[in-house]
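In order of appearance the chains are A, B, C, D and E, and numbering begins at 1 in each one.
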Amino acid sequence: MIKKFIHQFASPKTFLLQVDKFYGLIFFTSLCIYIFSIIWGLLFTPEDFVQGNSFRIMYLHVPASFLSQSLYIAMAVSSATYLIWRVKLAAYFVIAIAPIGAMTTFIALVSGSIWGIPTWGTWWQWDARITSTLILFIMYLGLISLHNSFSNYEKADKLLSWLVIVGAVNIPIIKKSVDWWTTLHQSASITLTNKPSIDPVMLYPLIGTIIGFFGLIICLILISSKNQIFIREKNKSWVKDYV
Amino acid sequence: MEILKVEFLKLRKKTRIWLGPILVFWLIMIAYPLTVELLQDKLQIGFFSVLWIAILISMMLATEDIFTEDYNDGSLEQTIIQESSFSTNIGLKVFIYWFLTGIPVSILSFIFSFGTTQNFGLSLSIFPLALISSYIFLNLFVLGNSLSLNKGSVLGAIVTMPIALPVLIVLGKSITALQFDINFEGFILLLLGSLSIIIVLVPIVVSYIIRAHLE
Amino acid sequence: MEILKVEFLKLRKKTRIWLGPILVFWLIMIAYPLTVELLQDKLQIGFFSVLWIAILISMMLATEDIFTEDYNDGSLEQTIIQESSFSTNIGLKVFIYWFLTGIPVSILSFIFSFGTTQNFGLSLSIFPLALISSYIFLNLFVLGNSLSLNKGSVLGAIVTMPIALPVLIVLGKSITALQFDINFEGFILLLLGSLSIIIVLVPIVVSYIIRAHLE
Amino acid sequence: MTDNSLITAKTISYKINENKLFHNLSFELGEGCALLIKGKNGSGKSTLLRIILGITVPTKGNIYKAASIQICYLGHKNALKSYLTMRDNIDLMQLKNHKELNYYLDLLSLKKHLDVTVSSLSFGQQKKLALLRVFLNTSKLLILDEPFVGLDDATHEQLTNFLSNELIMGKGLIFTSHIPCEIKADSLVLIN
Amino acid sequence: MTDNSLITAKTISYKINENKLFHNLSFELGEGCALLIKGKNGSGKSTLLRIILGITVPTKGNIYKAASIQICYLGHKNALKSYLTMRDNIDLMQLKNHKELNYYLDLLSLKKHLDVTVSSLSFGQQKKLALLRVFLNTSKLLILDEPFVGLDDATHEQLTNFLSNELIMGKGLIFTSHIPCEIKADSLVLIN
């Protein structure tokens, strides 16, 4: 029953046709929100009295950090859907999300490093969150290279999904162990965990950038999924019609 | 238990599979004091870090070919079409590899620890840590290798490393616990707990993955 | 120069051959701070030892399959029956491998050194040391691998180890030399001298060994 | 599905990356029957065999096997360990104690080479060693993917005779071959 | 040794561990001539080819080759990279820019599979890919070890025609085959 339902509504064809309806709407709202908040954040918030202007990189760093993990969770859900109900569309999502997840994680790492230079005086610290973000980045790389190494897509999908799920089990473990490692760390003088509460003047544009960034990334994922459909189902007549 | 006999026969003939990793472990442990200009008592500062890395690397090398060869020459297909439980086979195979590499490496760990720290009690505690962690690493690399099967060990390594790093962190922690004599058993139990889950799950997941590969 | 093109093509497609060792190097260097409970400033005590070992291991992984694959699939025969000089080919092949693994690993060595020691001058001197030593290690492992080609034996490792250990010792010594600023150039020259001999001899010896294997 | 049917395929189809390899195939194999699968290179013969074996899952359709049937399979790959001697490989295949082993080693003139590593054996000798699995099989059903490749005329004939004999004994046989052979078999032609 | 001789073997013998494989073999191959080496499995055909190529050194005797002669060789092994696609393998074989490449890809119906990795190709498709080396060769002498293995009838015929044509063009051919084929060739039978 459930299977039939899912298959009907999660067919690549339905997806492709629906996406075009919503795509433009999502794209323009999020773009507007993002641009608005970033202009607000960059130009109209006061200088932080400790960090000076360097805090403004937060508007890139925080949304990226936030998304790097959310995207992994999205992949894990899609993978499970694929393995359990054999929904092809779910498999397309997984591989469509992977490079985007890697990209946002990379942005989080780089922007964090850049931010670290003025604030911590160093671009790298074996801090809990940083370490686990780094591990997450390695996981994304592993996922992408695994999928790239197969020419048989069905096989690649199946193996990728298994790996994503194993990795998902692993994420809380990584978090736990890494946290635990640093909390016992005598010299953990700087952590991201105990933040002074943020000034609302900065908070609202931050929330705005997070939402906007989120929407933009969703658009990216939609495009990338569409692309997957074209690659995989290029011989189907309806794809030819569509193009 | 046919599989035990078969695997032992193969490993007896292809000594590189298990002797190689042991030699590499040995090489790293010898290289460590040679490359640092430290007095004996300072040598132990980085020692355990090198030890865990050496165990990690040697287990990685031990599993490198664990399925590739059978996959390439067609033996895996033969195994699969026989009805007997494939995942049990995998579990046993990992055990044999551990028996031939993990145990010798753990004994060597004890010897090198004692040589470096001159502390018998500490070194004796290293032994179970090495035994358990080598078994965990083996399982993790087996998982990684099954995913990358004929695509080379490196893919396996990338896939496995994120899972292996937390284990390394725990190992590092337990050395501190040992040295300050706080809750060392807790760490052993934690590792044993993880191992017992891994030992059950990995063969099952791997058997699915290999079937998907052969498809 | 046909060989350069062909090898580059293969390596471009089989990224794991060169990306793998680089990643493993990276992971060892990441694993090091995770397994020790040290303050930032004490981290450097074992650091260089781990660095040299990581270079050794990554070069070992880089050469693992350098001839085996070509031997097994019959490409080596094809290479040999073409008249062009086989030993030059081998020399070029080693060079390409060094270009794709040795150089990146050396750059990473510099970065990790700087990250750990925060000493720019020292880290800059690490760079040539890493470049030269990685090339030496590559050549040594190529020699070892050619010996054990399809034999599934540890012959290669056993043969390579006695030659690799002295290099490690020299590397350890040169760090001390660097830190106390005594005669560092002497060590670089020593390593360069060894390298220039190895670069000439290894390809010739290896070409004979491989011919003997194919016979 | 008749009573003595060993294997029944019902409307199986297989696609790779949306390319149809075959579509709605059905057949049935009874005891003592042989099925020769024909087709051009790349038409999907090996894939079909792997589907019958249960290694590959068909995109559509089902395979029904007789309860607890044992299958003896030899594919394009020999499933031999090239670094072991012939003797060790026989041991690995668990044929060491088979009472007819000696007879077949003689018949295939392999006995002289028992202590040669497989990688040094000639192409045909390797194939013959792999075929020992077939000659000494204890299964009801044989699935052979181009078993005649690389064999000299004498061995070709021995294998043909052996297989014909197995059919008389009531076993089932599914095989592919680009080389003509004298086994009485139905054929199934794959067209793509 | 006549003037248009491509290759001449003089009393060559080969022993492995004191077992004679062949003894005092002599032959000569002229332009436009083909030599079919026959013999049972393990009689030393492949070894003889490798001796002619200069990979293996004979225990006794000598091989004389025409000055700076180019040889195109295909052995039992395909010399393909199984992890690369067909397209990349063609590139590696340095046939990418060959002007007849397209023609032969079509003829062998490989074109559809250019982006499939070799390990996923069927056995025969892999062989056909390896044979591109032969079809697009620029050498005076072809040495082929069982080139017909695994090919379907159509491809078999194409290869036969191609080789016959090469002979007419004055090239030399030395090959082995357990499968009968219609190439007009002298035969050399190895008995052991």
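Note that a contact is a pair of C-beta atoms (placed from the backbone, for glycine too) under 8 Å apart; a residue touches a chain by one contact, two chains touch by 3 or more.
Please read all numbers here as calculations on a predicted model, not as lab measurements.
Of all residue numbers used where chain D meets chain E, over half belong to both copies. The two sides are thus made of the same residues. Set against the Cα centre of chain E, the chain with the most distant centre is A.
Once the centre of each chain is set as its mean CA position, chain B and chain E turn out to be 46 Å apart.
Here the spacing of chain A and chain B, counted between their Cα centres, is 33 Å. The distance from the centre of chain D to the centre of chain E, each centre being the mean of the chain's C-alpha atoms, comes to 28 Å.
Annotation: 36 Å between the Cα-based centres of chain A and chain C. Residue positions of chain D touching 2 or more other chains, listed in rising order: 76, 82-83. Shown for chain B are the residues that touch two or more other chains, namely 13-14, 151, 155, 158, 161, 165, 169, 172-173, 176, 215. Taken residue by residue, chain A touches two or more other chains at 138, 145, 152, 154, 181, 184, whereas all remaining positions touch fewer. Chain B meets chain D in the complex at residues 2, 6, 9-10, 13-14, 69, 72-75, 77-78, 80-81, 83, 211, 214-215.
The residues of chain E lying in touch with chain D in their complex are 39-43, 45-46, 76, 109, 113, 121-125, 127-128, 146, 149-156, 178-179. On chain A, the positions that touch chain D within their shared complex are 152-154, 232-236. Those residues of chain E whose C-beta lies close enough to touch chain C in the complex are 50, 53-57, 68, 71, 73, 75-84, 88, 91-92, 94. In the complex of the two chains, the chain A residues touching chain B come out as 135-136, 138-139, 141-142, 145-146, 149, 154-155, 158-159, 162-163, 166-167, 170, 173-174, 176-178, 180-181, 184.
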